[in-house]
Amino acid sequence: MATRRLLPFKDMGGCSITGIMDESGRRFAGDTIIRSIRNMHERSNGLGGGFAAYGIYPERDEQYAMHLMFDTHQAKRDTEALLDQRATVHLAEPIPTRAHPAISGEPILHRYFVNIEADRGRPHLGEDDLVVELHMQINAEVEDAFVFSAGKNMGCFKGVGYPEDIGEFFRLEEYDAYIWIAHGRFPTNTTGWWGGAHPFSLLDWAIVHNGEISSYGINKRYLRNFGYECTLQTDTEVIAYMFDLLMRKHGLPLELACSAMAPPFWNEIERMDEVEQAQARAIRAVYGGALLNGPFAVVVGSTGRMIGFSDRTKLRPQVCARSGDRLYISSEEAAIRTVCPDPDVVWHPEAGEPVLGELQAGVKVN
Amino acid sequence: MKRIRICEEHCIGCGLCEVHCVVQHSRSRNIIRAFREERDGIVPGVKVERDGHLSFALQCRHCEDAPCIEACMTGAMHRDPETGAVLCDTERCVGCWMCIMACPAGAVQRGASGKVASKCDLCIGEDVPVCVANCPNEALVLEDDGDD
Amino acid sequence: MPEWLTQAEFVIERDPERCIQCKVCVRQCANEVHRFDAELGEVFSDSDKCVGCHRCVSLCPTNALSVRQVELDFRSNANWTPQAIRNIYKQAEQGGVLLTGMGNPEPLPVYWDRMLLNASQVTNPSIDPLREPMELLTYLGAKPTRLKYEGGDEPRLETELGPQLELQVPVMFSTMSYGSISYNASLALARAASEVGTYANTGEGGLHAGIRPFAKNMIVQVASGRFGVDADYLNAAAAVEIKIGQGAKPGIGGHLPGEKVTAEISATRMIPLGTDAISPAPHHDIYSIEDLRQLIYAIKETTRYRKPVGVKIAAVHHIAAIASGAVRAGADFVAIDGYRGGTGAAPTMIRNNVGIPIEFALAAVDARLREEGIRQDASLVVAGSFRCAADVVKAIALGADACYIGTGALVAMGCHLCQKCYTGRCNWGIATQDPYLTRRLNPNIAVRRLVNLLESWRHEIKEIMGGMGINAVESLRGNRDHLRGIGLTDRELNALGIQMAGE
Amino acid sequence: MTKTKYLIIGNSVAAVAAVSGIRQVDADGDITLISRETQHTYSRPLITYLLGGKVGEEQMAYRPADWYEKSGVNTMLGTEVTHVDPEAHTVDTAGGQTIGYEKLLIAVGGTPIVPRDVQGADAEGVFTFTTMDDADAIANYIEEREVRSAIVVGGGLIGLKSVEALIELGISTTVVELADRMLSATFDETASTLAQRRLARAGVEVRTSTTVAELLSENGRVVGAKLTDGETLPCELLIFAIGVLPATGIVQGSGIDSDRGIIVDDGMRTSAEDVYAAGDVAQARALLCGTNRCIAIFPNAYRQGIVAGRNMAGAEAQWEGGLVMNSVTIVDLPTISVGVTEALGEGYEELSQLNEVALSYRKLVLHEGRIVGAVFVGDIDRAGIITGLIRERIDVSEIRDVLMSDDFGLISLPAAYRERVLSGTVNRR
């Protein structure tokens, strides 16, 4: 596994993505998202499926839920040693699964609820930074260990197989979440690897992605400037890191973060008013390395919000719908209608235009 | 009408305009044959004048109020109604050289026979006169002033 | 003593069947190779004086002339090449330093040719640049690491972006001074840059009054001779470049002989008429990096921080550290000139043997600046023999923001690379001040050809990017994933930071 | 009474040019052209070529056969105008017709001079030579009488052209010239000498400083001439070529001012309203001296015709002044003379270059830094450049040194003037 991980290939393929959020914060079980993603079975090829769910650990919402996979017991021991050294582990337990006829070869799946104390030698680093560092360290340094996710009150569940089978394997109907995102994978050139399935996650960011980032080579180098090591086989991780960089570290509002990643074309910028134009030019000039080129549509989850957006020419499909408090973002309208037959509104967002789902005012989930 | 503008500052004095003028007005229109067999019978309608580093290729200016036409006693020198070019009808020319006397540019010559006048005809039948087309430095530029 | 050991390098063949004795060749050769014998009525040629510039061949209306290199005039010897022998004869006869012009012609590896580009297949649609946007707009200049916004419903940009050069195509015309090239050539470069929306560089030739109208598309250079430099000059241009070194002659100054310092050049360079224009090897006020910083900030003060100030350095050993120093000294862009970069005149030994390939220099500098987290503090411009659009794409993928083309631009204007620029007798009217020769370059034609060249490259770059599925140049820049090496050793691949073809 | 908008009397170059001038401004106003001669407009200078057989009758036409029609001109050929009444705006013809006009142009040319005091001038075989009818008459006489010898009285241009025609016909010819040399009006002495030498080579005898005192005839036909120096020359044909006088007779009694010719201003207007004159009959301002003179040369007639025509049609056109210039080929020896051919006194300067063997000669006359005249014999190719410098009164003091050089050309001229010439607008009027 370690050698495979070092392979710099990025994942290429067409895929299915879907995401459902209840903006009232009302949580709902995972069978809905499974039905939605199952509807797009044909878009994946059984080499990967996965989910991220928000609001699933309300009783431990001050702790980072680290979902990990290990190919070997040694890896688990090494990781736990590292965890003991760097963090306070409040709870360690296997991630519940059920035997499933379509799923085999699963790795050791374990979750840890942790906190990290401030590093006195590096007072400028907050707990989030330390968690990211730990996440990167495990992925980069511990052989055969891999972090699925490490965010508060959320978690990623993924593996090799069709997404609906993975969902059943992870017994997702037993979790309640206010955001569910899911992914069915159709990789064209990598063999299945559990860590390689979507979503990709950093802190509470989780991303499902349909497409290919042709700017991956420079995005990766750009992120490295800011301490993000892209060690995975897929380009999806750069999106996760990019969101983290732009929104968490640089504090850009969502619109601007998205306009860095999928900026308007220069000829559109030329038509803007002076202030807007200066802003757009500055973003493109400064954040050129963050521009995500190539065809993609993503659904991004983070605490309290779900974002859908696509590349600036919208070379991958994305359709949205609303029904009451619920926001649906999916590759296909059918995947929405199968769980919500009669939505209030269905629309196709513009290329590069972010679609945002947010918890209603006053709703607290953490 | 079409006019050839002479861009003095771009003339490199190579003389290719003269060469191609001779070819164009030869019977064979083959450069080798034109120079081997017909050269003595053709006076090019363009002439490169040189003085130190200065040079320019001069051909009939096809003046608006052409003094050669005014001076021509036979009517041989005339303006082509279609192209506006000043042409010499050698059938009617008697070689009185009134045109040579009148042309302020010195752009009318005695033809090779010494009997009739010879001058630039703007390359009848060509879209672009050959001196213009073959000038390697665009020192001759064809312009259309719109007037007829 | 007659130079009897020096042999003709070229042989001129005149086809008697085709020659029409039109004397065009006689008039066009400034080296007086062709001569018309009025008595015999025939043109004769003297191969000894031929420099192989092909002016006569190009203009001969009957294709009666051919000029060929003399191949076997010495007993063959793989070590003692004809050039090596000739050089020794020349030095034995004349003494002195061997001089030459243009870039390094030696058969050293061209690494661009050992890198191949990627294209999309199936999973990622390639893009047709004729139907869809394909963006090459490039900003050169220091950029902040991040933008700060004032919050609120309508976020307002707080960070002010420093001065930037806006390039419609990531290719600029390299430093070529008025003096080393003719006024017409300088003018053509400036006009073409302004037409295309890129920049031309004055070199240290000053800014001629006739070129000033195009100054907003000019980068003015401040070199060790400080020719033509005053506050007006600095403020007239779009950007200022401090020249530390030149790829063709790192560590060497420049020398424009007095006879080339015409009235116009004297006025433009602000030096006395007819005096030698000598650029010292170093700037005598820059003996270390902190001195460079002082000069950079002196220029920034003079230009009220409204112009990007760059530093041009030759690609030499430790280039990454040097470039990093320049960036830290405040350069808004760093121009690196590789060892194949051109020149109007350089000692042959220096040109052919000093410096390193731009490919390695670029790879090292880009990586180093990223490692140090200062890549966005300066743009990287690379120079040193970009021959085609693919070279440019490869350079950008390797990490450059833009390329400088010098030789390519001259070739577009007609240069035949005879390498005799230093003689001042350029038959193509480019590297000369002789009024008889300079008129051979009609700036209107030269502008058209330069614009055509950049437009073609622009189209080709777009095609290549479209093939990769990239529609903005910022996604190509530094994207080494799109490069693969062939015939390179592991060390070379690592140095370039690319993988091997097939990986 | 017929009426016409434009009435033109005359059918030669000035008349034709006037039609062009009118039509440049007024595309349809009716034009009537009256001529005493019956022929379609023909080129008068070509008559010597016609006589010499160098051109045929069909080549005599100055304008194509359909020219009158295409130009919208009603012609009344073979009609003589006897009286002009400017008050009434009418003219009377010999046939008793009265024609009304709005604008009238008199372009009737000149009348050849026949010395009245020469006895026997009415003999058969004595001709003047200015019209096509003259050419026909002379040709017929030569043929009928098998003429072998002739005398041409007058060594001027018409005389010379007549001699050339007679040489072509194999007739042995003697020229009798009152002045001490031929072409004294147009050439300087050197050029005259060269011309005379060329004629001598062709077998023409030239007698200078003498003229005919009396014509001898037998059976009413001329057989010789007695010269004022006492000698008698035999001949079978004699042509008087001693000049023409403006045919001002047409305005006698009309009140229109005339001197040697009909006096006109720079718009070719005569003293009478709506009456214009142009060509050999007109006496207009001369370029170099500024006074009104009759300069009976072809290009002037054309130019005056254009000016008159444009003004008649209501446009503004200005006569730029007449300049004497002649191009004549003397038995294959081309010559051109322009303006003042000899220094007229102090302040004049002559530059010249002579090659007696090649019969080549160039001379410029300068006055106050400008060229005022030139003579070219043999090498005439760039003569027009000099004509231009004279006409445009260009200061040549800066380029004085190159004026006579072999490669003198436009490139030698001051840049500003050269630019005007190259732009083709130097003649724009």
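Per-chain residue numbering starts at 1, and chain names A, B, C and D are given in the order in which the chains are listed.
In this text, contacts are C-beta pairs under 8 Å (C-beta built on N, C-alpha and C of every residue); 3 or more make two chains touch, one makes a residue touch a chain.
Bear in mind that the values here come from a model prediction, so they are computed numbers and not experimental data.
Comparing chain pairs B-C and A-C, the larger number of C-beta contacts belongs to A-C. The greatest centre-to-centre gap from chain B, using C-alpha centroids, is found for A. We define each chain's centre as the mean of its Cα atoms; on that basis chain B and chain C are separated by 43 Å. Work out the mean CA point of chain C and of chain D, and you get 69 Å between them. Centroids of chain A and chain C (each the mean of its C-alpha atoms) stand 47 Å apart. Taking each chain's centre as the average of its CA atoms, chain A and chain D sit 104 Å apart. In this structure, the chains touch in the following pairs: A-C, B-C, B-D.
On the side of chain C, the complex with chain B involves touching residues 17-18, 20-24, 27-28, 58-59, 61-62, 429, 434-436, 439-440, 442, 444-445. Contacts from chain A toward chain C in the complex involve residues 8, 10, 12-14, 188, 211-212, 214-222, 224-225, 249-253, 255-256, 263, 265-267, 278-279, 281-289, 291-295, 312-313, 315. Those residues of chain B that touch chain D in the shared complex are 3, 5-6, 8, 47, 49-51, 54-56, 58, 61-67, 70-71, 73-75, 91-92, 94-110, 114.
Across the complex, chain A is touched by residues 120, 122-125, 127, 132-133, 135, 137, 139, 143-149, 151, 155, 157, 159, 161, 164, 370, 373, 375-376, 397, 468-472, 474-482, 499 of chain C. The touching residues of chain D, counted against chain B in their complex, run 13, 17, 43-46, 49, 54-55, 59, 61-63, 298-299, 302-303, 306, 325-329, 332, 334, 336, 338, 380-385, 387-389, 391-392, 407, 409-412, 418, 421-429.
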